[in-house]
Amino acid sequence: MKNFTSVYDVQQLDALVKKALAYKAAPFKDKTLGAGKRIGLLFLNPSMRTRLSTQIAAQNLGMEPIVFNVGQEGWALEFEEEAIMSGSTVEHVKDAAPIMGNYFDILAIRTFPSLKNREDDYSELYIKQFIKYAGIPVVSLESATLHPLQSLTDIITINECLNASPLPAGKKPKIVLTWAPHVKPLPQCVANSFSQWVNAWGKADFVITHPEDYELDEQFTKGATITHDQDEALKDADFVYVKNWSTFKDYGKIYNNDPEWMLTNEKLSVTNNAKVMHCLPVRRNVELSDEILDGPNSIVTQEASNRVWAAQAVLSEILESKK
Amino acid sequence: MKNFTSVYDVQQLDALVKKALAYKAAPFKDKTLGAGKRIGLLFLNPSMRTRLSTQIAAQNLGMEPIVFNVGQEGWALEFEEEAIMSGSTVEHVKDAAPIMGNYFDILAIRTFPSLKNREDDYSELYIKQFIKYAGIPVVSLESATLHPLQSLTDIITINECLNASPLPAGKKPKIVLTWAPHVKPLPQCVANSFSQWVNAWGKADFVITHPEDYELDEQFTKGATITHDQDEALKDADFVYVKNWSTFKDYGKIYNNDPEWMLTNEKLSVTNNAKVMHCLPVRRNVELSDEILDGPNSIVTQEASNRVWAAQAVLSEILESKK
Amino acid sequence: MKNFTSVYDVQQLDALVKKALAYKAAPFKDKTLGAGKRIGLLFLNPSMRTRLSTQIAAQNLGMEPIVFNVGQEGWALEFEEEAIMSGSTVEHVKDAAPIMGNYFDILAIRTFPSLKNREDDYSELYIKQFIKYAGIPVVSLESATLHPLQSLTDIITINECLNASPLPAGKKPKIVLTWAPHVKPLPQCVANSFSQWVNAWGKADFVITHPEDYELDEQFTKGATITHDQDEALKDADFVYVKNWSTFKDYGKIYNNDPEWMLTNEKLSVTNNAKVMHCLPVRRNVELSDEILDGPNSIVTQEASNRVWAAQAVLSEILESKK
């Protein structure tokens, strides 16, 4: 593995999942793999799970993580080619990235979309510029349109649950991605990415449900069944992934914020006792009810805790490729 | 030791003091005790000594510390049960804490009081929620009403001074906690906590002095002599602990800010050449005069430097209990 | 070496350069020199290269770096003697520094000038107070008037280039420091410091060029040829160091911001195919054109990458002196 920005960077997804679960069983089994290596973790936006789990993953492999909060501890970066930098950006990624490439062995970056201009966000300029100019492997800690470490974790967690409670032979798990209400417009990253990874995994009956106007970009959802009828979607589901996103077409808007779309135990009753997933942070009693989050169907803590093993598997792959 | 949030978490205070002084003499004597273990240091509020000394203490024991500035690097946490999270808080402690509990072996948290609602602050909701939901040992790096690592340091420092210059046999040291002026309303934490620990230590003649209206919560001060006459209190004192706090009864106010309450060398003249203590940061020439801080009676640097050994003794106890 | 705040702290510059280049060839050759030692990196101002390279340098020597963003993670420090601290500063350097001195083995500090009062800035009060009160070696990560780690890096990089492409025997390299336009008033630190170090190195024909009114402090530039004619200065140059600074005499102002002073390939044509240097961050197409930064003459990435080896050589010298 060279970079890690989407499922297309993964050669064998099943093997990567297996590797992650092996690290969960034995966190320090490769504790010298990254000896003398450094990873730079660059945050252009806030982060909790991603920040902590990637530091831990690196340390488990013997790497030294160095965290840099770009805007708070440094200054604003410029990403546009040929910019005349007389405004508020202080340093061009063309100048910063190659230096990072000399300071570190792996560079990991978190950057959010503006939600103002769809074309700009979906061009993934920021992370692409880092890849172009850093000259070392780049790991996405969430980008403008995708969140691959989250999605890898989700696939790992689904596999773990299926290993623990296998379905009848030959039955595919039914996985439902359902839109949920929120208080402000959020990126489509997690929903795009989850769709991309479930499709690439290819072992599920995958259904996406959301109100009208919340259609996601087809490049990620193609292959899934899409419906506006949440109740219909939830029938016999084995996993329900709950997530809010803002509109894709008329970009970055909230059209419908119907609280009826919040998942409840009543709604869950038509599922196959489905496991409920969410990437967190979650707005309790807006996106997801207390009764679900505090109940036996929620696997959000297991999911978030698996972030360490997902990151460790990815860093391990990159370190091994560099050898 | 399971958690460390007050003196009541300490089984044998004398043994803990002895342990801390042993670490001062040999910082790395237990440098493999924490190998492969991690401590998360969560700061909901600013910190200098606590932040640095706890990182150092953890490293001395071979632990990996990971610092997380919750509000700056992440987002605002919600602590109320059953909250409908449509406001400014982004993640509930019920969701964040269990994940921390999986990421780390020990969790340390700093959180300040609001000074707006006494009942809320004195319920210690924040740290109690972390303890309830993290599932791992929790260390207070100062909470709404107490600052136990500071107080342990204070007891260590007093012991160190008494070891170096013993009092006549049978004489108890006289310890005076005196209120001092300040420019803004401060928490009662340090004063509460110092009172709680000196009382629990039980080897001093303990006097608290402050202007009218600054009575502290009796649950912490019970056992001390309390007087509004600072001169009377200072007579024959062996240790004078200087600290400002805001009012407890009519909560979080400044009633009297009389500069006459600032300690001076003249005031010190009635003491038994008392050592002067302060938790720092100190507003020079407001809380304490230059002449004292720069003079031979001040032990504030010794006191602050001992923070490392206090933290190291506490982490060591917790690590040993987990074995 | 005791402290590192200017070229005057260096006993043998050539030996220090050689040491840095030896670390570049073998980063981990002294990886136990700093075992059990700690360096505190205190940032009163933003930083990217300095922050990252000094952490890496310390780790390469086996030291543990601890970063502290003073204002963001702590609070504002007071530096004036005898201050009555009833304003916005929360802690005096007299109280903070000695504690740092007990927590750490080396203290490194970044602090910018105010650009409001020349006398204050040029007194270097901040870093001098840290040296006075910390009681341990202090390393400047850029101070009000100088940036010695940058300048050492610059001398290292010039030496590296001359080693790779030696000049005819007996010919001194011509080094030109040229002022460049900018969008806001900047400190004189980098220009002062580069001048001081090139003069101390003593192996160059050194020319400084800038518009009228931008004269630098003679204590640093004495020995250089100074001209307002940029074209004349650039003739036959082997190295061109580009940097903006605000006025020194009528302090901290922008008088002339003529875009004609921006270096271009056309201007470079009269040089001896000069290498172009800049400390970064650089405002592209304001200070320096894309054509130069992206062209074969720019050595800014090499220069910035050498920051690690400069810092490592300095920390190594200090550690060896302490033994």
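Each chain gets a letter, A, B and C, in the order it is written, and its residues are counted from 1.
Here is the rule we go by: a contact is a pair of C-beta atoms (placed from the backbone, for glycine too) under 8 Å apart; a residue touches a chain by one contact, two chains touch by 3 or more.
Since the model is a prediction, treat every value here as computed from it, not as a measurement.
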item: Same-residue or different-residue interface between chain A and chain C, half as cut-off; value: different
item: Rotational angle, Cα trace of chain A fitted to chain B, multiple of 5°; value: 120
item: Inter-chain centre distance, chain A versus chain C - centres from mean C-alpha coordinates, in Å; value: 40
item: Multi-partner residues of chain C (at least 2 other chains); value: 72
item: Contacting residues of chain A [partner chain C, same complex]; value: 36, 38, 40, 64, 66, 68, 70, 72-75, 78, 82-87, 90-92, 94-96, 98-100, 102-103
item: Of all residues in chain B, those that touch chain C in their complex; value: 28, 43, 46-49, 51-53, 55-56, 59, 69, 72, 183, 280-286, 290, 293-294, 300-301, 304-305, 308
